[in-house]
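In C-alpha cells below, several structures.
After this come two complexes, each holding chain A, first together with chain B and then together with chain C.
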Partner chain A sequence: MKLRWVFAAIAAAALIAAPFALKTYGVYLLSMWAVMSIAAVGLNLTLGYAGQISLAQGAFVGIGAYTAAILTTHGWPLPVAFVLGPLLCFVVGWLLGYPALRVQHHYLAFVTLAFSTLVFLILRNEEWLTRGIYGISGIPRPNVLGFAMKDPRPFYFFCLATTLVVALFAWWIVRSPWGRAFMALRENPVRAASLGVDTRRYTLMAFAIGSALGGIAGVLYAPLVQFIDPSPFALGLSLNLLLMVIAGGSGYFLGPFVGAFVSVLLPEWLRFTEGLYLMSYAVFVMVLVAFCPTGLIGVGERIAAAFARRRAGAATAAQDAVAR
Partner chain B sequence: MTPVLDVRAITKRFGGINAVDGVSFEVHKGEILGLIGPNGSGKSTLFNCILGQLQPTSGEVRVDGTPITGMRPSDLNRLGIGRTFQLLQVFPQLSVRENLILAGQEHQGSMARRLFGPRDAGLTASADRMIDFFRLAHVASHKAGELSYGQQKLLDAAMAFMAGPRLVLLDEPAGGVNPTMLVDLRERLRAINASDAATFVVIEHNMEFVMSLCTRILVLAEGRIIAQGPPEEVRNDPGVIAAYLGK
Partner chain C sequence: MADLLQLIVAGIATGAIYALVAVGFVLVWQTSQTINFAQGEFVMLPAFFMLAAMKFGGASFPVAIVIGFLLSLIVLGVLFKRLVVDPVLRHGVLPLVISTIALALFLKEAVKEFYAAEAQPFPALANSNITLGGAVISVQNLVIIGVAVVAVVALQWFLGGTRTGRAMQATAQNPMLARVLGVRVNRMILYTFLINAALVTLASLLVSPIYLAKFTNGETLGLAAFIAAIVGGFNQVRGAILGGILVGVLDNVVAAYLSAPYRAAIPLFLLIAVILVRPQGLLGRAEERTV
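Moving on to the complex of A and B:
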C-alpha cells in the first residue's frame, strides 16, 4: 500500500519535471499522452468497466476537436467548447448506446465501426461546417486565469491538469454504485437485471460518459496541434485507443494511462532502430496481448503478488526455523 | 386472501412444442412451494415466464393481485421478487461483499441519487449481516470467483435475499452442494421464511431436500401439472412415480 504512494509521488514528480528537461517535440509528445489518456480513460469506462466494445472513441475525439476548432476560430473562448464538446458527445454517445441494447461483442464492434466511418465522412464532406479536407488552421491556444498558453510548456501543464481532473472524475464514477453496476453489466447482464439493475439505462450511460470524455480529449487536441483535418479521426485512432485500453489493462483504473504512454511514446523511443521501429512496436504489442491479456497493469499486479507470496513464504520459513 | 403469486393458465410455445401448457397455481404468503418434475418438464421455462426472461405465449401472472406479465426482470426485482438461476450466477471479479451490496443498491432511491447521494446508506452493514447469516464472514473480502462451488451457491442465494424480497423463486439451490452445506442452506432458507414471512417457490431435483423444506409440492410433466399436495402425498402418487420412472 505504501509502495503505491511512493510510485504515485515518483510519477507525479517525473510528469512535472519532464518538460523542463525535454525539447519542444518531447513536450508536445507528453501533451499528446495526456490528451490520449483522457480519451482512453473514457473508453476504459465503456469497455473495461461496462464491457461494451466500441470502435468509435476516435470519432468522439474528432467531434470534440471540431467543436473546439470551429468555436475558437469564430472567436468563442475555449471554455465554451469544454462545455459544448463533451455535451454533444454525451448525447451522441447515448444514442450510439441504443444498438448495444440489441447486439453485443463483434456485432456491436461493427455498429460502432460504421458510426466511426459516418463521422469521418461528415467531417470530410460537410465543407460548409468543417472545411473538409482543407482542415481548420490557426486554432488559438487559450489564456487560463490570465496566463497565456501559447508556449508548449504551459499548455502541457494545462493538459496535465485537465487529465488530473478527468482522472478524479473517473475515479469518482468507478467507486460509486454506478461503477459497481457497470462491472455487473460486464460480468453478467442477465443476473444484474434479476437484481434490479436497469441494464438499459446503465448501458446507455456507459456509452454516454465514455464518449463525453472522448469529447474532452478532442477539445484539448485541437489547440494542441492547432491545425485539424479529418484524417487523424479516421478508424485508425479508434483502433489505437482500443489498443491503449487493452495493452494498458482493460478494467484497471491506471490501465489507460499506461496504455497511452506505450502507444504515444514507445514508437518514438524505438526510432533508433530506424526502419524497424514500427515493426518492433508491432511485435511488442502482439507479444503483450498474446501473453498478458490483462495488459501491463495486469503484469504488474502479477509480479507484485509473486513478491508478496515470496515474502510470506520467507516469513513462514523463518517461523518454521525458529520453531525447530 | 390474495395469493402472493397467482399464475393463471400460462402457456409457452416454442415452435410446435408446448414447453409450458396452461399451468395455473397459487402460492400464499409464507408458503414454500416445491416445483419438481423430470428434466424438460418445463420448470425453468415456467420460472422464466413468471420473471420476465421469456414472454409467455398466453396467460397471466399476478403478484399480490397486481398483473406483472411481460414486465422487465429489473423492474420485477425492484417490486420485491428475487430469484436464483439454475446455473451459478455470481459476479466473479467482485468481492463477496460487493456482490451483496450490488444486490441491494438498486432498491434505494433513484439512479441519480446513487451517483450523487450518500455512497453507502447502510448497504455495507446489511451486506455484512447477510454474510454472517450465510456464514461467509471468512471469505467476505475474497473475489466471488475464488470461492468453492458450494460457497458461491450460498452467495448466490444470499444475493436473492439481500433486498428483503416478498417472493423468491429458487432454481435448483441444492444442485452441486455437498450434504453438510445442504443442511446449512435448508436451515437458512427456513429461518428467512419464518422471520420475514417471505414466500418461496423452489425448483429442485434433490428429493430429500425438497420434501423436507417445502410445505407443498407441485409436480410438472411435459408442461402440465400432474399432481400437487403435501410432500408425503405426492411422494406416493402413482402418476408421479410413473412420470419419473416411466411406465
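Moving on to the complex of A and C:
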C-alpha cells in the first residue's frame, strides 16, 4: 500500500516536471497522452467495468472535438463546449446502449463499429456543419482563470488537470454503487438482475457515461491540435482506444493511463527504426497480448504479488527462526 | 433497364468477391472463435506476393499466381494460426481482436515499407466487354462470378461431401464432442485457416485488377466482408454468400441511384437493422452456444 503511494508521487512529479525538460513536440505528445487517457478511461468504464464492448469510442471523441471546434470558431467560449460536448455524447451514447440490451459480444462490437463508421461519414459529408474533408482550422485555445493557454506548456497543464478531474470522477464512479452494479453486469448479468440490479438502466448508463468521457477528451483534443478533419476519428481511433484499454489492463483503474502511454508514446520512441516503427509497435502489441492478456497493469500486479509472497515467505522463515 | 442490368451484374461481381472473403471469415470464426480484423489486409496482401514474384523473381503471371497461393497458404494460413492465433486463443475473444488489429497494422505497414505506398496496376484476367440487350457487361465481371461460383461449389462439396469436410463441420459445431469422436480438432482448425488463406488469395486475384493493388485496400474490403458475414448469418457459409452478394449489389445500385457520398452508409444501416431485428442473420440459426 505504501509502495503504491510512492509510485503515485513519482508519477505525479514526473508528469509535472516533464514538460520543462521536453521540446514542443514532446509536450504535445504528453498532452495527447492526457487526452487519450480520458477517452480510454471512459471506454474502460464501458468495457472494463461494465463488460460492454464498444468500437465507437473514437466516434465520441470526434463528436466532442467537432462540438468544441464549431462552437469556439463561432465565438463561443470553451466551457460551453465542455458542457455541450459531453452532454451530446451522453445522449448519443445512451441511444447506442439500446442495441446492447438486445445483443452482446461480437454482435455488439459490430453494431458499434457500424455506428462509428456512420459518424465518420456524417463528419465527412455534412459540409455545411463540419466543412467536410477541408476540416476546421484556427481553433482557439482558451483562457483559464485569466491565464492564456496559447503555449504548449500551460495547455498541457490544463489537459493534465482535466485528466485528474476525470480520473477522480472515474475513481468515485467505480467505488460507488453504480460501479458495483457495472461490475455485477460484467460478471453475471442474470444474477445481477435477480439481485434487483436494474440491468437495463445500468447498461445504458455504462454506455452513456463512457461516451460522455470520450466527448470530454474530444473537447480537449480540438484546441490541442487546433485543426480537425474527419480522418483522425475514423474506425482506427476506436480500435486504438480499445487497444489502449486492453493493453493497459481492462478493468484496472490505472490500465487506460498505461495503455494510452504505450499507444501514444511507444510509436514515437520507436521512430529510430524509421519506416519500421509502426511494424515494431504492432509486433509489440501482439506479443504483449499473447503473454499478458490482462495487460501491463496485470503484469505489474503479478510481479508485485510475487514480491509480496517472497516477502511473506521470508517473514515466516524469520519467525520460524526466532521461534526455534 | 439496361443500366440497371449493368449495375446488377457489376454488383454481383463485387458481391461475389465479398462473399469469398466473408466465407473465409465465417469459417475461421466458426472453428476458432477468431474475429479476424485483419481479413481485409489478408485480401490486400496476396496481390503483392504475386507482384513481388513478377518484379523480383521475374516470374510470368501464371507462375506468380501459383507462388502467391503458396506464400499465402504459408503466411496467412499456417503462420497466422501458429504465431498469432494459437498463443492468444486461450485468453478469449477480445485479446485476439486486439492481436488481429495489430496484425492488420503490421501487414499494411510492411507492404508500404517493403513494396510501395502507391497503388500498383495488376494484370486483369480478362479485358473485353460484351453487349447484352443494350447493357455493356465486362467479361472480367463474368469471370469473377464464374470463379467465385466454382470456388463456393467446390468448398460446399468439400465441407459436406468428404470425410475431412464433415470433421471440420463437427469441429465448428462442437469441438469437445468432435474430439471425443476422434476428430483431430487442431488439424481441422488448421485446415479452415488454409481454406481461408486460399479464399482471400482468390479474392485478391479477382479484386486487384479493379481497385489496383494498394496497401490500404484492406480497410474497405474488410468492412464489406464483416457486413456480408453478419447480414447473411455469422454461423452460416450460405449466409455469407447471400450477404456478400446483397452488399455488393446494394453498393452499386445505391451509388448510382441514391446518394454517392452516403454510399458506404447503406450497408451499415443494413447491418444495424439485421443485428437488431434478426441477430442470427438472414439465413442463420439462433446460436445455441453462448460465446
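We adopt the following convention: the second predicted complex is superposed on the first by the 320 of 324 C-alpha atoms of A that agree within 3 Å, B and C clash if a C-alpha of one lies under 4 Å from a C-alpha of the other, contacts with A are read in each partner's own complex, and residues count from 1 in each chain.
In the analysis below, a contact is a pair of C-beta atoms (placed from the backbone, for glycine too) under 8 Å apart; a residue touches a chain by one contact, two chains touch by 3 or more.
Quick caveat: nothing in here was measured; it's all calculated off a predicted structure.
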Report task. Using the superposition described at the top, determine whether chain B or chain C touches more residues of chain A. Result -> C
Query raised in the report: Which of the two partners, first being chain B and second being chain C, lies in contact with A:225: first, second, both, or neither?
Result: neither
Requested in this report: Kindly classify A:80 by the partners it touches after superposition: chain B alone (first), chain C alone (second), both, or neither?
Outcome: neither
Report task. Would you sort A:191 into first (chain B), second (chain C), both or neither based on which partner it touches? Result -> first
Query raised in the report: Between chain B (first) and chain C (second), which, if any, makes contact with A:266: first, second, both or neither?
Result: neither
Report task. Scan A:144 for contacts with chain B and chain C and give back first, second, both or neither. Result -> neither
Query - First (chain B), second (chain C), both or neither touched by A:18 - result: neither
**Report entry** Partner chain in contact with A:183 - chain B first, chain C second, else both or neither
**Finding:** first
Report summary line: In the complex, the residues of chain B that touch chain A are 51, 53, 72-74, 77-78, 82-83, 85, 89-94, 98, 101-103, 105-107, 111, 114-115, 119, 159, 162-163
Query - Complex contact set, residues of chain A against chain C - result: 53, 99, 102-103, 105-107, 109-111, 113-115, 117-118, 121, 124-125, 235, 239, 242-243, 246-247, 250, 275-276, 278-279, 281-283, 285-286, 289-291, 293
Query raised in the report: Which part of chain C faces chain A closely enough to touch in the complex?
Result: 35, 37, 84, 87-88, 91-99, 101-103, 105-106, 109-110, 112-113, 219, 223, 226-227, 230, 234, 261-262, 264-265, 268-269, 271-272, 275-276, 279, 291
Report task. Using the touch rule from the top, collect the residues of chain A that touch chain B in their complex. Result -> 173, 175-178, 180-181, 183-184, 187-188, 190-199, 201, 251
